[in-house]
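A, B, C and D label the chains in the order they appear, each numbered from 1.
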Amino acid sequence: MSVPKKLLNDPNACAAELLDGLILAYDGQCEKVGKASIVKKSIPDGKVALLVGGGSGHEPIYHGLVGTNLADGAACGDIFAAPSPDIVLDATKAVHRGNGVLFLYGNYAGDVMNFDMGAELAEDEDIEVRTVLIWDDVASAPPTKKEDRRGIAGLVPIVKIAGAASQVVESLDELERVAIKVRDNTRSVGCALAPGSIPATGKPTFDLADDMVGLGMGIHGERGVGEIPMCSADELTGKMLELIFADDLEFASGDEVILFVNSLGATTHMELLICNRKAREILAEKGIIVHQTIVGPLVGCQEMAGISFSLTKLDDELKKYWDMPCQSACYSKMEGRQS
Amino acid sequence: MSVPKKLLNDPNACAAELLDGLILAYDGQCEKVGKASIVKKSIPDGKVALLVGGGSGHEPIYHGLVGTNLADGAACGDIFAAPSPDIVLDATKAVHRGNGVLFLYGNYAGDVMNFDMGAELAEDEDIEVRTVLIWDDVASAPPTKKEDRRGIAGLVPIVKIAGAASQVVESLDELERVAIKVRDNTRSVGCALAPGSIPATGKPTFDLADDMVGLGMGIHGERGVGEIPMCSADELTGKMLELIFADDLEFASGDEVILFVNSLGATTHMELLICNRKAREILAEKGIIVHQTIVGPLVGCQEMAGISFSLTKLDDELKKYWDMPCQSACYSKMEGRQS
Amino acid sequence: MAKQQLSVDETVAMLDAVADAIIAAEPELSEADRNLGDGDHGLGMKRGMEAVKAKLSEGGFESVDKVFMAMGMAMMSSMGGASGAVFGTLFRNGGKALKGSETFDAAGLAEFLKGGTEGVMTRGGAKPGDKTMVDALEPAQKAAELAVSLPLSEALDTTAQAAEAGRDASKDLIATMGRAKTLGEASIGHPDAGACSVAIIFRTMATFAAGN
Amino acid sequence: MAKQQLSVDETVAMLDAVADAIIAAEPELSEADRNLGDGDHGLGMKRGMEAVKAKLSEGGFESVDKVFMAMGMAMMSSMGGASGAVFGTLFRNGGKALKGSETFDAAGLAEFLKGGTEGVMTRGGAKPGDKTMVDALEPAQKAAELAVSLPLSEALDTTAQAAEAGRDASKDLIATMGRAKTLGEASIGHPDAGACSVAIIFRTMATFAAGN
């Protein structure tokens, strides 16, 4: 297996360099704070702050979700490594406007430990912190053990909606309530066709036979429900959505959803659209109404080939927040339901 | 060389299936017309229409650029093949609202011949058509032979601005004038680290040694100024921008630009950001002001690894059109300069 | 049995054989395009020829011009790409030049190629020497012009020979048209993909007319 | 010469040797994590240990607890990830338990491991058997507790042996914590990456104290 050809300078400095590049891509809307945090420049006093974050190497998330009606800041770790507690603390202090900070991030041991330590440090400085963990991956644990599930691409609609809510709500309690609601209304499942690699070593993050697909894989290549023989786009789409529909959250006829078809990296936009075609057929059969579709490579694992599907069930409140416009380096939309 | 693993159904039906998937991703805003055209549902009477298009396989462009304040429709060809004249005609008739249609697409022999035939057919039906060819790739011909240059990623800012203008102008003449201006103010250059492949055969579109980079390559892998030894992100960024600055369009201190850092496919968002870091350093040294940055994989060539840089020089008129919000399956933004 | 001329039905059969030959050559045509273009020439031609076969099998053609024109329309609308335009134009404009003919003979071949070649050159702007299919087409047209009084089978054989020589000569040209034009000197050494198709088209016609 | 106890400077030298050993083991630690996690454990530990070496070289430590705590802080803030948290906590909380000690001996080792192991288990919630570094750490802690009256070099040797045995035994466990937990039965057959680091840490300490 040859090492993938990448445009890098120092392979050990990727996380720092990409963060610099990201801040510049924000064209003055965001700034770097401390060692590795990115924070919006204009956060109104008294605003309930929303902080996201996690390891780097999954670009454009999480750090690309800081922006207008999205997150106020992100704490950024090294490649595939949770941010350290001091990075979390720096980010927390920088976004805090006197009304508390909600931490919203993926449920990984490393992230939980580091963000928790960051929260403890922040509380020492009299900043109120609340945490909502994202655990949308249905393949990673049974529905009875949600706290064991990891967070994958569902973070995009979750952060989008929580970010809009954070502009409107008046208390940390309220924001926490909305974030929990949209988290609990979101389910995802992913698959892998080929591994990504670690920039510093060029080594693939896992091995997978040429004729197999990893079903239910995490965004680092963590295994899920197992490997199945390589199959057609339609077949795989069917199998993946079945995993979501077999879960505890009911998607009934007439329900409105956000559908997110994500590429993990090397899977082309063409393939996402081919899978979307089948996904929509399946959703239509069930009478599920897609309020808006997101298609694109937003939650990645380097050049890993694979896709994920995420469904977020909307109610009137969540739809109102969805329909607000937003703008970031990662996901932008105009007012309303346009696409 | 093993065939890349892709999520397909019938490898010969990719273009048709992805178009279906794209229409569905528009959630009711667009519809399919004729064999392979995508058209906005609500185009006001009397609007000067903007039609884009080209071969498929480069997703999300061109067909993803149909939308609010963007193109009114796209004529979509098979994979890497220009749309046939009847597809162009169908699309032209569907977007026409009595005030003429501007064709805006990349300068490739196949596209020019087919769109020209489509235009002749449309003129037979009394539809006035004007054509502006996109030829932003500085590496493909000297500045004295612009008509020989091909169109690459610069199409994104060009279509964005022409699309906004098409909402405002009152005549086809006016739209043509703005489209020519933004085309003439846009320069791009691309490179390839590894080839993409043709979905129907799995064959790579070109061969490139592991330790070489193709500099100045087109979006199908057409060669440009030549191959250079693989080098660091910073070095390559410098070499690429030099090609743009050596061209005939002056970028002077104080000039405002749109900077677009594009991935051709497999190149990760991380790498784009690392390259953006260096690009901004170089632009800052020259005193060039970036009004807004676009970073992402918008103009692709299947899973080809490589990047391109595009610079569009703004004046007050182009900036006004840039600042308008837009929404499509490919590129969206809120009002103003936000990012 | 070598043919002096073809009836409408025989013309249909000949063009059906042409379609089969191009479909069979898909891999080598795509490979030729991989060297200089984007590697899809064979795929486009195959797509076109499948549409052509379907169209030809519908039958009901009154005269040979209608057969050629139907073939050109089928190619143009199913293929897209540069070759959909140029090969579609070749058959459409070539067919137009045969207006009303009930047989296809050496004189008809020369008319077909005159109309077709003019059409292609007007549509795409390529001249001989630009390293396109014109470099096989134009010698074929010249050869057919000199062969008007030969039996069709012989006229087609000299036409095919000229097309093949043109294809081979295209190896040494520097491309100035189509995708390959940005390659400059690097385009030397490979024949043009479209020229390969032209050679196959006329060689298949010649073989058909020779009755082999 | 085998050591009964270490001065502050010797403790610094020992931990510097630990850092070198972990840095040298980067490839095998990353590979261990590739089997069960995301393949970066060695890289994270190496990043941490480079920060540790820089911190230790600054000197000016008044007591051994400060050395261990500085090491923990350096790891925690430079590494991030699960291992930044757990190994940072191990050294920080372990160091805290040695408050004011001017030497590091077998009793200190036991205190260090008690404080550190408790800290790690509280922070991460992992228990023995979950297939994490705790499966090497907890046996090490038990061994050190029984070795309080031995010379440091011998206490470290039995501690390292216990850590190594724990690492080896982790092969047969089903992961229920960290990234590997979603693997279920498939996690059997590979040792935990963090447990490999724990074994290296105590083996290097033992070798240092043995004076070899």
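By definition in this document, a contact is a pair of C-beta atoms (placed from the backbone, for glycine too) under 8 Å apart; a residue touches a chain by one contact, two chains touch by 3 or more.
In this text the structure is predicted, and so the values were computed from the model without any measurement.
If you take subunit B and subunit D together, the chains in touch with both are A. With centres defined by CA atoms alone, the chain at the far end from subunit B is D.
The distance from the centre of subunit A to the centre of subunit B, with each centre set as the mean of the Cα atoms, comes to 28 Å. Here the spacing of subunit C and subunit D, counted between their Cα centres, is 75 Å. If each chain is reduced to the centroid of its CA atoms, subunit A and subunit D end up 33 Å from each other. Distance from the subunit A centre to the subunit C centre is 54 Å, each centre being the mean of its Cα atoms. Residues of subunit B found to touch two or more other chains are absent.
Among the residues of subunit C, none is found touching two or more other chains.
Viewed as a network of touching protein chains, the structure reduces to a simple linear path.
Pairwise, the chains that make contact are A-B, A-D, B-C.
Subunit B makes touch with subunit A in their complex at residues 2, 4-9, 14, 17-22, 24-27, 29, 56-57, 59-60, 64, 67-68, 193-194, 199, 210, 230, 232-234, 236, 261, 265-277, 280, 290-293, 295-297, 300, 302-303, 305, 307, 325-329, 332-334, 337-339.
Of all residues in subunit A, those touching subunit D in their complex are 12, 55, 77-87, 108-110, 113-114, 116-117, 139-141, 148, 150, 198, 200-201, 203-206, 218, 220-224.
Only residues 27, 30, 34, 37-40, 43-44, 47, 76-86, 123-124, 177-183, 186 of subunit C touch subunit B when the two sit together in their complex.
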